[in-house]
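One chain, chain A, appears in both complexes that follow, with chain B as partner in the first and chain C in the second.
Right after this comes the complex of A and B.
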């Protein structure tokens, strides 16, 4: 950027100067509206939110007390708090692994010569554009004890696998992950597809002629070239998993018995039902730290790849 | 490699199976919505006498027409403001090499690290104190402000790769910075504008938490909040609920099937930044 400007300045000094002076005068008018809305909707409330985390504010009283790190300590003593942190990390991790492995396999399959590939692409991506509310209610019905999943298991002779999918505290969290997977694996597929289509056919054919089998071709040629797609996909599913709210809120409200709370659903219930603003803010700060750590790792990885 | 072998056939078979598994929830959604409450057909079988009664009931009882209109207004205004404001802000930030412009750009990028949950409570109070609770304007302001980091990130990345010659020519011809931006730069960044429009539109139309917070309890509801309230009201009448759900997702599905190529490109392309 800096070099760019310097070079151009050397080429045609008088013209350049006139243009940049005009530019510099009006520059902040270009940025101001965006910056004002951004500060109003993100920066200012985020800073205030972080400060609430160190108080015992209930959302109504006029003089919240400064309580230091008490609200953070409470996360570890509150069984719901601990479960929500565990669930959030579990969901983020499991969804990331399964969604990316499956997304890559599906992308490879629909990038092959099968005749149904166009239909499959459209079909598998479709849930991505559907609102989570619709997806949540649909699956809530499918998961009821006499709902579609159990009926279908019965129909194919697997009736022994019938479960109370959302009512059993040990199973509910996995059921939610199935829904997240169904909804978003198409997103991973599309990003991998874009990556795959950027790989020149000739390289792969050359390797095939040299005697590399399909697995070798994938591991030695396709995988390294897909690295940016992998990083982006991992990032998206990791952050999406960490922030998961809609599907849980619709299907279980964090139940049964708090077994499926995520940090986001616990923030909502503490802030808007229980009036524990300070505690909710502390949970939000913890969530922000998770997201920031994930983002920074991702940024580093991308920078490494681009070198 | 280019032939359709028996291996390809096996792959084809298993992928069709995967496709059917993916389709299953949608199939249940559609058949349930077409069944009358007393329908005697087996649970997973298509209805014996399909009816559209659920759809007209859901439409009237859920006030879905008004909610669709509100969602439409919120989405269009959010997208328009996001595109114009983000493109305008990204332009000088990607062209000026000064310390202030870099600092401002990083300030916007920091927003990518902050989950909306952190700003949730204080922002809710501010919106309430400004008297914007229950108004579409409140939701639009929150959407546009929150969308700035990602959209500016996309625009700035694209504009950096754009040669400055056209702008220089315009400046030589005496165009002001504003005119140069609007008549020269903005048309040139059209591809990334497409991406921003698609990502913002889908996210806004489907958003639940923001309209739930700012609109619930008022008579101004977006389609997601209306469906949520509708389910709360009609509890176990799944036939009716599913008809309502189909109405709520139909506009975006229709858009998806007609602009499939662009939408998929938008999702895949937005992330190369």
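Right after this comes the complex of A and C.
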């Protein structure tokens, strides 16, 4: 013990690795250009834009007045504001549920050994690669009173079901949701399909040998292993639903009578048609809060499930 | 070496800053174009043959000057020009709408002093006070337009003849035409009540005879709090619209019918006519079978022909960017555009109704029915050009869709318009 101690005393102190601790030598320098660009292109305009929500700026005059929270209060007293909030939440919820349930079912179907699975995958995914503008015009034509949908109903003897799909305020919002679902169900399907193909066959086969039926196998094995795919799909469809603009703007421009306005279309019309930039900024802030809150909540819930 | 590494981010950020700074520019005209001359920038309508012909003439008259033209489609043209004017990057010459209420309307842009004062231009004297009132603000003329837009009833002459009818000149005749057309499986008036449709124009035509003609200072009365939409003959306007809806005058399911479809109905004779702005006649003609002709008439609101007032408003025109570096040259182009020479070039190139008298002008056959009326005293500008803010028009167009669809009453709509009018 004594010798050991003596040896240690005689040893030269271990040479410390020279480390550059100063900011000038920090690895953060490598992040700085990207961070600076992000701050310049995203953070600064967002903060600056949000500040307009507390003013009455009309997009033209040089001296906007500070109006506190008046623009936010206006959302709840403006019939269009309330309708747009209601529509946005309805679309986000309905599209998220239907798109993901249908996407999962389709993914399960095309993940099987059916012969036409490759063709089906391509057909179902195809609408995703079409621009929303083109999709909007396509369906606008199909939905006109003498368009393809009503013609098809007539052709199969269901003429009594003819509707004014985009002109009836009670139906128009649902027509738009059908289009969104049609366009993006393939997107959900692909993500689920990738998840399904990552599940080892042996586990499912072992469960089958142990006597687990299809529903039991799905619930106890496939579903937990698909949790990351569910998380990403739900988050993307929820955010997409909350921000929905293109399809609504092309097909109805928020009509008839404002019945299909979403927060995004209302932001556009208030900012660029009505010159109410302050009110539009307040709506944009509310939309951002909705997206952030909904994303955090569902991410936390799904993260628990993933564990 | 270390110093060089430490300096790298500074260099990157500086380059980034300089690069981004380069993205912003001032007004876009410049001297020293490809041939050392002056380049004027102009933002106008896409596929505008009149603008192309005028530019050619201007460049011939002004050697060394070239005009760099950017054609913009509707409705993006309004947001793009507005944004460029506010950010200081607009062209020297831009499209401007008369009146108030839109992003590039003269009185909207006047709030930020974005347009140059054109009051001293020679062509200003050709316009009456009603026109001048919507061509600028605070006594200044900020834009000029070479064409007037009329809101007539446009009829397919062959379809009208096939019914054994003539263009109605009283409101009772309108309802009678609706009945006759319906009995033969057609509709009297094509109607599109979707965004961008022709549905707002028929009440404009009715209100000209019922509201603004009898009370020319109606908007002033509203501003002073002495009149309201809900307490005026606007109620009669909407009652008559409702009568027409109930009589089956219009395209079925108009709230889901696009303007394109409604125009095709008129072009093919499935609808006898439509009430729309005069530039739409050309579009309808383009959709019609060869040999189809069209005629126009003022749309009556009462059973007394002499009470019919025709809505005639200035069309979109041109203004000069107040921050232009070549403001005099830009004004010179607007002067050409509104000169007798410019008007004649426009008339040779396109079928329009000139906003000021042009020597030797003969209206095209499809406008013959309203041309004389349009030059008379029995006209009134479009109401939306005199409304004090864009919200009134937005409330009107949105509410009218609900009204046509039977989801809103006239009282509710007019009350909402009164609220919007107050701002």
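Before moving on, here are some points about what is shown:
The rule is simple: the second predicted complex is superposed on the first by the 261 of 307 C-alpha atoms of A that agree within 3 Å, B and C clash if a C-alpha of one lies under 4 Å from a C-alpha of the other, contacts with A are read in each partner's own complex, and residues count from 1 in each chain.
Assume a contact is a pair of C-beta atoms (placed from the backbone, for glycine too) under 8 Å apart; a residue touches a chain by one contact, two chains touch by 3 or more.
All of these numbers come straight from a predicted model, not from anything done at the bench.
Of the two partner chains, neither chain B nor chain C is touched by A:173. Shared-chain residue A:33: touches chain B and chain C both.
Note on chain A: of its two partners chain C and chain B, the one contacting more of its residues is B. Contacts of A:257 after superposition: chain C is touched, whereas chain B is not reached. When the two structures are aligned on the shared chain, A:110 is found in touch with chain B, with no touch to chain C.
Using the contact criterion defined above for the overlaid structures, shared-chain residue A:59 touches chain B and also reaches chain C.
In the superposed model, A:274 makes contact with chain C only, not with chain B. When the two complexes are overlaid on their common chain A, residue A:75 makes contact with neither chain B nor chain C.
Of the two partner chains, neither chain B nor chain C is touched by A:95.
Taken together, the two complexes place residues 24-25, 29, 33, 37, 40, 59, 146, 272 of chain A in contact with chain B and also with chain C. Contacts from chain B toward chain A in the complex involve residues 1-4, 8, 11-12, 15-16, 18-19, 22-26, 28-29, 32, 43-44, 85-86, 88-89, 91-93, 95-97, 101, 104, 107-108, 111-123, 126, 141-142, 144-146, 148-149, 152, 160, 164, 167-168, 171-172, 176-178, 181, 202, 205-209, 213, 223-224, 227-228, 231, 238, 241-242, 245, 248-249, 252-253, 255-257, 260, 263-264, 267-269, 271-272. Of all the residues in chain A, the ones that touch chain B in their complex are 1-2, 4-5, 8, 15, 18-19, 22-27, 29-31, 33-35, 37-46, 48-50, 52, 59, 106, 109-110, 112-117, 119-134, 137-139, 141-142, 146, 148, 151-152, 155, 182, 187, 190-191, 193-194, 205, 208, 228, 232, 236, 242-243, 245-246, 250, 263-264, 267-268, 271-272, 277, 280-281, 283-285, 287-288, 291-292, 295-296.
Of all residues in chain A, those touching chain C in their complex are 24-25, 29, 32-33, 36-37, 40, 58-62, 80, 140, 143-146, 164-169, 252-259, 269, 272-276. Within the complex formed with chain A, the chain C residues making contact are 2, 5-6, 8-9, 12-13, 16, 20, 78-79, 82, 86, 102-103, 108-109, 111-112, 114, 193-196, 252-258, 261, 389-391, 394, 398-399, 401-403, 405, 407-408.
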